[in-house]
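These are the structures in question, set out in turn.
Each of the next two complexes has chain A plus one other chain: chain B in the first, chain C in the second.
Right after this comes the complex of A and B.
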């Protein structure tokens, strides 16, 4: 029984590592046709082209980074400040429940129903439109995330600063922000990843014009260009792996 | 100070609630034919058409079945791994490795699954090489298949690692090891300790998240889009397909499905919340 258990554990470890090795191998390959078990070409040919303009992957990586950083910064900051008012409100329960509706709804369905307004405002198919759409789904996450921060203890600190003569600015800059620094980092990376991994909403609002990395993966699947698809996957995976290496909390959070 | 509070709540309503209310209102009006290029006024025709075609009901049950099977298998596997390897999984290397699946988004998991489980994929080649199959047609349909094997496998591979980390976390925070030790010292068997102590503690502390993940899977899009069949389709895929139709009358039917899906998910959220509240009060 214990031998079986050991086999199960090692099988799980292999199952975790296999996609990383396989995708890297595929991104370094070409001319890998059925029934060959290994590729005919193995080298850096595909990756060299990433630097060039042929695949557009470098641009996709850059635009994904810009979108995700914008979403993460705005969602984290607005989530932090607005969650204070929600958490201290006498109808906190109701307001928090309302926050869950956009959070729990499939982003692609949300985006499809919102697209009319984006079209009217003139941001349909633009990078700004995608940032705003992703912010709309990342914001409720940030709001729920920070709701546990605003508790009785924090309120007492705020009152203490006020009693000692500190104004609102001092309270935020000298007390609240230093206390919430760790949480803000976690929220920043979590909202960054929500945006980084997002596909459905981006495809609806971006209408194929805003080609983030997830959109590229799907395009390469449709074109049956699996080598470039694998490269896009590797580029998508690298930032979260780095984050896990730096701090696991940046990627895993048992929210809610 | 009071004014500042009002501004904060106003921002909350503007960013947090208004987009949801606007999108739901638009979908609702479109579904009743009140707005829309090809619509001429209030009608129940689109709602009737959706229920008469049976495609929505089929899609709903198909989505529920896949989400349920995936959630049950993921939770069961994660619980088993937690109880069987709790100490080993906290080791230096393993504690890093078990986080790695969280770095793989749904679209990458789907792409990888196509590469390894399709008829020309890696496993088909491997089985052909070692003589288990004699060609491409001998390999079973594991993606875009009628039983949604591919979708279910990817759902499990995406959700199970999260639950494993969650259960390991709860195991430590709730001191399940100490509770199990106590129950054994009071004469309980290993089986009794697992079924009467460890599992109830782990599930009671996480059931809200389990339910939320079931709802997330119900609305999953890119995984069933890549690995699913043409019919039936999972709810999100069906909704987007209907909304992108060239036949303008079909767009209203797409909004009908979107409205029903939103109502189902919203009711589930309210139920989860009210249950959670009463649980919090009892605790």
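Right after this comes the complex of A and C.
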């Protein structure tokens, strides 16, 4: 029975890991045509080209990091502070309902709606434009995420600090932010992922001028360049894996 | 009088929660207030602490009008039923919190907190985190955190409400000792009849937003509304 369990477990692990392994294999290959069992070339050629500028992948990786970090940091911080205002507001229900508005439309349709305004203010096809557009998607998520944090107990904490002689700054820096640290890390992680894998909105607002890694993956797949596609997928996986490790190491273990 | 409250009223919409509140209290005395849930006692305490703004009336502490003073500068500490210990700080730092806010030097903080820990009978617990403490220990830390700031007035909102009977009895004794040692002036709100009688130098009862302060404990016992007579009759009948 235990042997069967062990086999089932290994089969499960292999099924999960195989796509990642295959992506890595593809990224190291070229000229692999049917019916050849193995690729004609197997080595670091594709990866060396990443270091160079031929494919633009290194730049895409860098610009994706800049965009996602900007979106995650601003959405997490502003979401934390503004969700407090929303949660304690008399019209909390209405404000919360409005928070869901960006998710009613498909990202592509939402992007098309935004494009007029972005054109008018001159940020269409720019990195700043993509950051703002993605922020508009990530910020409501952060608002909804933090809404569960603000409750009667937290309000009591705030009042307690106040009667102990603390001002607003003390309340946030010494009590609320340390108490919300774990949640903030998780929110940062989630909003980073929202931005990192965003395609529809980025392709419309970026109009091909802002080529994030996710956009690149789709371009390579459209061009039937599987090797570069696989390589960009490998690059695409690295930051989320790092974030998952950080979250597991420093956040989830403490939350649980 | 040290604490003077005159004609304070508070309504939420059409509902009057505190009606014509009048209280006088000498320094270093405890006024215990008996009241059922929803009678307006928490709102009353929050008004005194500055957390709720009254519709009318006046409030002075040691001759100084308080209604215009923000909560952080009143030197009135409001303790909730829940201990509300900061989960990211250990026992030492929880107790030291008020002193740290006032930017008091480390040496003084250390000696005062260590003394307070001894007074709270929490020796050896300084490095523990709140989740490692029992309910009674948590409530002690909460007391220590408030008392160490030397508040002019301490407001206690059913502080032992969530404790079991044995721990509650110990905590009542501890509070009496601390109140005497640190010369605390306090309002002690409870819904427990016996606790109200035990804890207060003076006693009052709140009902539907109206506070009635008794001239002494006998007057409280004699009043049929307080429920003391009913309780006595019950026990007499039980004893046969």
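Here is the rule we use: the second predicted complex is superposed on the first by the 231 of 256 C-alpha atoms of A that agree within 3 Å, B and C clash if a C-alpha of one lies under 4 Å from a C-alpha of the other, contacts with A are read in each partner's own complex, and residues count from 1 in each chain.
By definition in this document, a contact is a pair of C-beta atoms (placed from the backbone, for glycine too) under 8 Å apart; a residue touches a chain by one contact, two chains touch by 3 or more.
Since the structure is predicted, the reported quantities are computational estimates derived from the model, not experimental observations.
Under the clash rule set out above, the superposition-derived model of chain A with chain B and chain C shows the two partners fitting side by side.
In the superposed model, A:86 lies in contact with chain B only, and not with chain C. Once chain A of one complex is fitted onto chain A of the other, the partner contacts of A:43 are absent, as it touches neither chain B nor chain C.
Within the superposed three-chain model, A:95 lies in touch with chain B and out of touch with chain C [touch as defined at top]. Taking the C-alpha centre of chain A as the vertex, the lines to the centres of chain B and chain C open to an angle of 100 degrees, rounded to the nearest 10. Looking at the shared chain after the overlay, A:156 reaches chain C, while chain B stays out of its contact range. When the shared chain is aligned, chain B comes close enough to touch A:9, but chain C does not.
Of the two partner chains, chain B is the only one touched by A:237; chain C is not.
Within the superposed three-chain model, A:110 lies in touch with chain B and out of touch with chain C [touch as defined at top]. Counting the residues of chain A touched by each of chain B and chain C gives the higher count for B.
Of the two partner chains placed by superposition, only chain C is touched by A:166; chain B is not. No C-alpha atom of chain B lies closer than 11 Å to any C-alpha atom of chain C in the overlay. For the contact definition in use here, the chain B contact set and the chain C contact set of chain A share no residue.
Those residues of chain A lying in contact with chain C across their complex are 153, 156-157, 159-160, 162-167, 170, 174-175, 178-179, 181. For chain B in complex with chain A, the touching residues are 4-5, 8-9, 11-12, 15-17, 19-20, 22-24, 26-27, 81, 84-85, 88, 94, 96-109, 111-112, 114-116, 120, 122, 124-126, 128-129, 136, 157, 161-162, 165-166, 169, 208-209, 212, 215-216, 219-222, 226, 235-236, 239-240, 243, 254-255, 258, 261-262, 265-266, 268-270, 273, 277. Across the interface of their complex, chain A is touched by residues 46, 49-51, 70-80, 82, 84, 86-88, 97-98, 100-102, 145-146, 149 of chain C. Taken together, the chain A residues at the contact with chain B in this complex read 5, 8-9, 12-13, 15-17, 19-20, 22-23, 26, 34-37, 78, 81-82, 84-86, 88-89, 93, 95, 97-102, 104-110, 112-114, 116-117, 135-136, 139-140, 143, 168, 196-197, 199-200, 204, 214, 217-218, 221, 226, 229-230, 233, 236-237, 240-241, 243-245, 248, 251-252, 254, 256.
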